[in-house]
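Okay, handing you the structure first.
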Amino acid sequence: MRPTTRSGVSAVWRIATMLLLALGLATLLGGGPAVAAEGDPFKIAGNVQNEGEAIEGVSITVDGPGGPQTVETGPRGQWQVSVPESAEYTVVLDVDTLPEGITLDDPEDDTPETKEVTPNVPFAPKAVNFFIGEGDRESSAFATQLVQRLVQGINFGLMLGLASVGLSLVFGTTGISNFAHGEMVTFGAVIALWLGGTAFIGASLWIALPLAVLLSGLLGLAMDAVIWRPLRHRSVGVVQLMIVSIGLSLAIRYIFQYFIGGGTEQLPGSTPQKIDIIGPIRMTKVDIVSMVIAIIVIVAFALWLTYSRLGKATRAISDNPGLASASGIDVDFVVRVVWILASALAGLAGVLYAYYRPGIKWDMGTQVLLLMFAAVTLGGLGTAFGALIGALIIGIIVETSSLFIPADLRFASALAILIIILLVRPQGILGRRERIG
Amino acid sequence: MSSDASSQSGPPTLVPREKTTGLHVGEATPGCKKVDPIIVADNVRRSFGGVHAVDVDHVEIPRGAITALIGPNGAGKTTFFNLLTGFDTPDEGKWSFNDRSLAGVPAFKVARRGLVRTFQLTKALGLLTVLENMKLGATEQRGERFFTSLFPAAWRSQDKEIEERARELLVRFKLDAKVDDYAASLSGGQRKLLEMARALMSNPTLVMLDEPMAGVNPALTQSLLDHILDLKEQGMTVLFVEHDMHMVRHIADWVVVMAEGKIVAEGDPSTVMSDPAVIDAYLGAHQDVDLGVVTGRVAGDGADADASRHMIEEESNDELEREEKKR
Amino acid sequence: MDWGQIFNQSASSIISTTTIAYALAALGLGVHFGQAGLLNMGVAGFMAVGAYGYAISILTFGFPWWLAAIVALLAAVVFAMILGVPTLRLRGDYLAIVTIAAAEVLRLLLLTVAFEEVTGSADGLYGYSGDFQAANPIPDGEYGFGPWQFNQNELWPIVIGIVLLALAVLLVWAMMRSPWGRVLRGIREDEDAVRALGKNVFAYKMQALIIGGVIIAAGGIVYTLGSNASPGVYVTSLTFFVYTIVLLGGAATVFGPVLGAVIFWVLQFFLSNLMPALVDAGVLPFMTANQAGMVRFILVGVGLMLLVIFMPQGILGNKKEMTFVK
């Protein structure tokens, strides 16, 4: 009953694609061979053959800047994707789509189904070849992948945790569900780009990155001084505050796009080489540094929250703002510190996320906003440590779920699990039962 | 705790209207049987994080009378209210209203059975007008069902009747001048009155009032008391939580005392209030005479307890006389 | 600079399927947020259910267009129930989290290549309007005057859209002046108080979620009626734009959301024509044409903030009846 066949409407398709790109969406384009984002200059391609015999219908996922894309091999075993930039892409062949009895086999490589490539010449396809042979599938391949995904998940989770504790603290102390928190994440990355990007100021990363975190803290201070403190003093309701934060989020987001455009920019210093750590675990230098930084900051933050006077005051306000202010705590001061900290942590997370994705984009923070809300809700609204645990869970779910479901559904899996957990245990993992209405 | 309701001890009180007596069977001990109970609760327990907020073995609330539920702050009175009315779920226990079990019945069905309540912090619906607030109280409105609501012919006549009844009640509660004002513009006391009047729109059999006097302007106190006494005259049963001992003394026919979640005493007001154990337990917030300070310091000392008791009684007698003069 | 053309373009947006679709979505959100106090953050999800429910019914199941529209509305009922059953007993912000997450999950499901056969993945669905246009009773020709000129194919979806909008406005108006609407507004103020009066608060909230959801889904249908269904439309920003519209017109009013949609789109079109024209004319030397196009989105955000802070009742709302109580 279709009035028009799919193949005959490539013009419509092209318009739709252009619209999508214009909107700056995560372009999870796919469909057939060589159809992904035709405007993108760099190509990754290959042939899937078993001893000269082409294999059709094998699913291959390319992940990197511009988002994951999945293609299937054509009748001659060929496949190709277009990607927006010269950066490292992970190419994963879905072994489940190989015909019965055929498996990937490479004595040199523990993970023959995963390849890393960096297309460097525009329009010249970068070739990726998989070693294919007949035989039993090795079960270790899955275990290896799982371990690697777990490590990636922890990495992502720690980063998400950095961003989420701030969101949680702000919620706890002020009652604001801050939808502009994603923009605070983007802000750190954008400032880092502005200071350290070779096309901009081009300062040394040792100066640019700390300065970006510092300026992020200042953003928090400014937002509190200009918007949130006056509103607090007008005793504006929490729903109203939430919608104000939505407006703020929209405004800042498009201001970013105003300045950096809709494309993806790269921070300098990213190295594609992976280093062997233990067993199957391989990470890039940037990944390792990022994880170490995240762990140090989170531990420092936890110590601050638990033992310092200000940290205790923060938790007291989260528990009972009225009581805290009656017992002599300067609520305004503590809340200002919370905004500065939350914003600085979000900015740091933004810098790390820029390396993790990799790339800086005007809506990168918005993309993870819901994951941060999920982390905060999972952990129990308003409990900072719960948000950390929630973030780790979300990070691991996001990364490992792509082993079982299409890679473009990994964020969906985390959100679906959020919904399910809310239904079973609405107060979150560490939340108190009384929080339910 | 050893006297019968029928043979009142202590100085005679000046009661503007007859108190209902002879409500219980046998000794007036905590959890004693009532001649005609409207609520019977057994083993109702609710704990918050290990603390037993409510731990009631057995209690019966007499029908057709005004019962006061008193006790110090944190005694579990409001939690018990919430449990009885389905606004909170107990860890265990069962209770019945008019011989039908109410355990596990959701709050709105409890209300439909004729047990309506008010709240400690008034819940006047601020952005609805006073009249709308009142009309919301009426039950079984055809126009409140979704599909019939679309056809005004189906509900307009009933709505008119409800409006008439609402206006009558508002006149009685002296809120008729405010009919079209938003409830948010009312004073605290007027909101209490509105909440009570709204509860009456459903023609309840049992009205549960959570601190009806809290935050009420003294000028409105008498009218509120009269309204509560009116409820009894119209055949309703009243159960209320209150800190104001004058009020308890004036209008309650029966007093149940809670402390630390348990029922610690029951009886007619004068008996219960002269019970040293009650005064001990009651470290609550008496506005004029700080019972907590007077008796808590000398726990169990009969002489001091007597002294404080006399103070309270004299005070309430004085007030009663003042009120008599006003009439 | 061609002022005539700029004004013409802006005025033409008063009557367009986009404006009508947003007006429907805003009307439905008005029932949720303005009348019942439900924080539905999944407007984009409800619209996507309408749009894709309609398109998939035609493309995959071969239904006639009117049956497809009914199926899409029923799908919205199901979607509302899936969201409502678990969350309406919980505190309000849980509904917000679940609806925004569910809308996003739905969008990702529409986008994934795994279901490309049915959803069209990133290219969306198109080429399903043949049956709808075949049912067009309007004779060929040009209709209208001034900036509002349509041929029969453009006019047909607009007519259907206006009929749907009129029906929805009538429905909301009838509900809101009835005792049913009174209960709903009571719930918005304080649901425990209404519960204590013997009303089944959960049932009312569910009914409101369904009614509003169906109206929003109708907006999704009108949006896709004559063109295509694309997953890039149903992002969370769409939800926020609809919130802006509702708050602009007056959340607790019947006509506010419709007025808000008209003003919103006239302004959008005005700015999207004016700003690049100003850049072309050299008035804004520090901006590129692309940047000039960005300004109107920044203004939406700023406008939303100012609205909520300084005029939360909206244009048509009663100053006293601010919709925010908690």
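Which chain is which? They are A, B and C, in the order written, and residues in each are numbered from 1.
In this text, a residue touches a chain if its C-beta (ideal position, glycine included) is under 8 Å from a C-beta of that chain, and two chains touch if they have at least 3 such contacts.
This structure is a prediction, so every number in the text was calculated from the model and none was measured.
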item: Most remote chain, CA-based centroid, reference being chain B; value: A
item: Closest chain to global C-alpha mean, per-chain Cα centroids; value: C
item: Gap in Å, rounded to a whole number, between the CA centres of chain C and chain B; value: 48
item: Rounded Å distance, chain A centre to chain B centre (Cα mean); value: 56
item: Distance from chain C to chain A - Cα centre to Cα centre, in angstrom; value: 29
item: Touching two or more other chains - residues of chain C; value: 325
item: In the complex, chain A residues that touch chain C; value: 1-4, 9, 12-13, 16-17, 19-20, 23, 25, 27-31, 70, 177, 227, 231, 234, 236-240, 242-244, 246-255, 257-258, 261, 366, 370, 373-374, 377, 381, 405-406, 408-409, 411-412, 415-416, 418-419, 422-423, 426, 435-437
item: In the complex with chain C, residue positions of chain B that touch it; value: 85, 87, 106-109, 111-112, 116-119, 123-128, 132-133, 135-137, 139, 141-146, 149-150, 152, 155, 159, 182, 184, 195, 198-199, 201-202
item: In the complex, chain C residues that touch chain B; value: 171, 174-175, 178-183, 185-186, 188-190, 192-201, 207, 320-322, 325
item: For the chain C and chain A complex, residues of the former touching the latter; value: 39, 58-59, 62, 86-87, 90-94, 96-98, 100-102, 104-105, 108-109, 111-114, 116, 121-124, 126-128, 130-131, 228, 230, 232, 235-237, 240, 243-244, 247, 290-291, 294-295, 297-298, 300-309, 312, 324-326
